[in-house]
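To keep things simple, chains are lettered A, B, C and D as they appear, and every chain counts its residues starting from 1.
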Amino acid sequence: MRILVTNDDGIFAPGLWILAKELKSVARVVVVAPDREQSATGTAITLRQPLRVQRVTPVVPDVDTYSVEGTPSDSVILALGKLTENGVDMVISGINRGSNLGDDVLLSGTVGAALQGYLRGLPAIAISIASADSHHLDNAAKLAALLAKKILAGTLPADLFLNVNLPDLPLAKIKGIKITQLAHKTHIDTVEEGHDGRREYYWLVRQKLGTNTDKDTDIWTLEQGNISITALHNTLFQKPPLGITDSLCSDLFQKLKQS
Amino acid sequence: MRILVTNDDGIFAPGLWILAKELKSVARVVVVAPDREQSATGTAITLRQPLRVQRVTPVVPDVDTYSVEGTPSDSVILALGKLTENGVDMVISGINRGSNLGDDVLLSGTVGAALQGYLRGLPAIAISIASADSHHLDNAAKLAALLAKKILAGTLPADLFLNVNLPDLPLAKIKGIKITQLAHKTHIDTVEEGHDGRREYYWLVRQKLGTNTDKDTDIWTLEQGNISITALHNTLFQKPPLGITDSLCSDLFQKLKQS
Amino acid sequence: MRILVTNDDGIFAPGLWILAKELKSVARVVVVAPDREQSATGTAITLRQPLRVQRVTPVVPDVDTYSVEGTPSDSVILALGKLTENGVDMVISGINRGSNLGDDVLLSGTVGAALQGYLRGLPAIAISIASADSHHLDNAAKLAALLAKKILAGTLPADLFLNVNLPDLPLAKIKGIKITQLAHKTHIDTVEEGHDGRREYYWLVRQKLGTNTDKDTDIWTLEQGNISITALHNTLFQKPPLGITDSLCSDLFQKLKQS
Amino acid sequence: MRILVTNDDGIFAPGLWILAKELKSVARVVVVAPDREQSATGTAITLRQPLRVQRVTPVVPDVDTYSVEGTPSDSVILALGKLTENGVDMVISGINRGSNLGDDVLLSGTVGAALQGYLRGLPAIAISIASADSHHLDNAAKLAALLAKKILAGTLPADLFLNVNLPDLPLAKIKGIKITQLAHKTHIDTVEEGHDGRREYYWLVRQKLGTNTDKDTDIWTLEQGNISITALHNTLFQKPPLGITDSLCSDLFQKLKQS
């Protein structure tokens, strides 16, 4: 069994390698990720230019690792179409430094990468932790490994596209795992004006809008101290929720606490 | 009333200006579009770099026109957040040279731009014509104007996000207008290898997969010679279809044939 | 006779078109220039990626005009290698908004473009005006036309690479035209730190160093109210100065005042 | 004493690290280099966009190492202006995979990086090996160390800007070290046409022109099996050759064979 690991924070981001290391206990891991941070590149793929790929020394030993001068989506397409000989069995993207919730899901390179796996018929997971500091990446890595194990064992169906977000809290302070819906109208991009000494410029700044009080949304759920799992195959592709149930959640949470 | 017109083929694409010209009969038009082709940039927005904007001479007179060194989404965010003084009432993105159907919708810069309008609470339309040659841009422009007129008149509700695709046929050969669902697993990106004389490279090539035979899908509908309208607010955001009905379609098609 | 006109301020910069218009009185003009501002790209050429070119509507009628998604050097290479059927007889780059003096010459896209012409065996002129406001572009355009006329008539030898800088003054306030040497150690790039709300960044700011008091330098000459001509074929390529003499300068200045 | 090491092949190129390792025997080494290959970026510096820098794990231990999302020139400017606390005493750029001779010197990112050091008043060396395979990087590294030792010891004056090229031969087959002049009209960029399935493109291909028979040129000298040293401070900046003499060359060659 092989898992493709990628991200949008770039190939040297700590979250990527904590994830890769944990997943090595579940399956063989291949890392193909952008060489630079690619936040907010969303679903972008590069069709107008060729892509350059470099084999690089892995941070975690025994992991085939490729650095791509392109987007997260490009990385997955290259991995599945060329770089892995016999393909892979799953795509996991992250651990993103900062949450991907609500409308942000559509703009997130982390989710965009997982989407490319799903469109190729593979189970796909995007996983993020709700703080740029990301003190508790280990929780996210362990949860990803638990999900991967269930999928590879056939306990969960394979036609999955999950968006997982964890609060940046020690496990003891996390309340549980909940199935959520995407919140909407959650972010806005404001425009700041600047001048570089020669010309004017504009700089987009993405901001979260107020507090979301819809109780089934990913944003509210996370803010209450829970881990949020959104079944994007259900939300964006009108597929059945496929075993993403409350009992799955309590089972996962139980195992996470024991791990 | 003001309509923001944008695209992903770049500010000098003929489809953009045929659309702008036709929409001038309905409302005041502002054009803010990428300075270069930005196909397949999907939902990408530029957060890591500032954006440069230039006021340029419009191809159609009396249209405030700005060229943006960024993505289609960047263009809409800048237009709404900074370049238009009192905002706009609607965003129309296109006319794209080539269809945006099925999975392509998630990767399309044309749709990505309209999405930014919708996320800001504006009615948003992405419109494309199913051929790179695009001989019949006028049909698309007229249909966009008919839709805009209905929305601005309040005949259609404002919380709309429509993806419209026309076959590249003379009006007499188009059968009708149909409401459709997004087809899935419709495209694949293959990877071609090349060498520039110094180093290897990979080039992604996007290809349509076989024939889609689901009769309610956008792809099948278009292939049968119909205009396809997909209510993306319904599909991607789980909102009610909101007046996007068969009777709307026959009314629009009637008016299109008379125009 | 044909003149290739290019620049590094981008294809819609006013300086480019005032120059093209004036040169039309001397020869046939072809414009091939970057689609975006490309300041400080120096000698850079694009070898790792393909280049996209678009034929665009000229600002001045009857000028074949191509917009290049690349550097000024790329534009000249494409023009000479592909876009002009029978080649051209001369390359003129400018009119740059802001002077190109001293060490800046090596970093200037304006000069970099002219260099590509010179390396192909063509007479090459880079021309700049010493102010971002550039109120007196007409002087520069006329001087370029006078030089071009002399070269095409064979009065000046063809193996030329000239760097011309004008003060942004009305002609009546300009003292004369002088042959100069490049000043050295003239600029410094300082580094400003910033933060985009997510990550730190650095921004380079190019600054002129103090006052240059060497009387034969381009910087001192311009600051004294003269037009400066530096024979870069002499300075950078150790070729003879080739007719770039004081009597040429007084003749040019005479003609400029009469024009 | 501190030496800044950079290149244009990117921060993971083997030539960079063989150089850094060897120079550690002479002085403290800091590496600041582009995160991606930047060939042919010449003198380009980035003024219109901010630059991102990342501290990375060095390939050779105990070397402060920064990866820059920019050009070789950007890397040197950032290193000197911000990243090294007390500045450095010398800039060495390379070991480039492929020679930098004749006109290529003006377009080379390797030389462009060294130029930025020279413009800041530091001794600067660009060093390249004449084959993309680069089997004999060790010769180049050792020669760089010998030059650095002489400069830091004050045996050579500090106002130096040297361009060094080695044949890719075992030391026993190298004839000697010669002082050379830049060859001119040495390369041409041809234009290849292509099509990506959607649009046409052009791709520049840089090619060496015939055989250069001027016996004092860098190209001829290298082709005869010698190491070429060009004093660019003399050639491009009209400074005295400053101790770059035949006896220096024989001394260096002697030491190189003993090392």
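The rule is simple: a residue touches a chain if its C-beta (ideal position, glycine included) is under 8 Å from a C-beta of that chain, and two chains touch if they have at least 3 such contacts.
As the structure is a prediction and not an experimental result, all values here were calculated from the model.
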Query raised in the report: If you fit subunit C onto subunit D using the CA atoms, what's the rotation angle, as a multiple of 5 degrees?
Result: 180
Query raised in the report: Among the chains, which one keeps its Cα centre farthest from the Cα centre of subunit D?
Result: B
Query raised in the report: How far is the middle of subunit A from the middle of subunit B, if each middle is the mean of its Cα atoms, in Å?
Result: 28
Report task. State, to the nearest whole Å, the distance from the C-alpha centre of subunit A to the C-alpha centre of subunit C. Result -> 49
Query raised in the report: For subunit D, which residues are shared contacts with two or more other chains?
Result: 37, 39, 47-50, 52, 196, 198-199, 203, 205
Report summary line: The residues of subunit C that touch subunit A in their complex are 37, 39, 48-50, 52, 132, 196-199, 203, 205
Report summary line: Within the complex, subunit D is touched by subunit C residues 37, 39-48, 50-53, 71, 73-74, 77-78, 81-82, 103, 106-107, 112, 115, 119-121, 181, 184-185, 187-191, 193-194, 196, 199, 201-206, 235-238
Query raised in the report: subunit C touches which residues of subunit B in the complex?
Result: 12, 35-37, 47-48, 52, 54, 56, 69, 196, 198-199
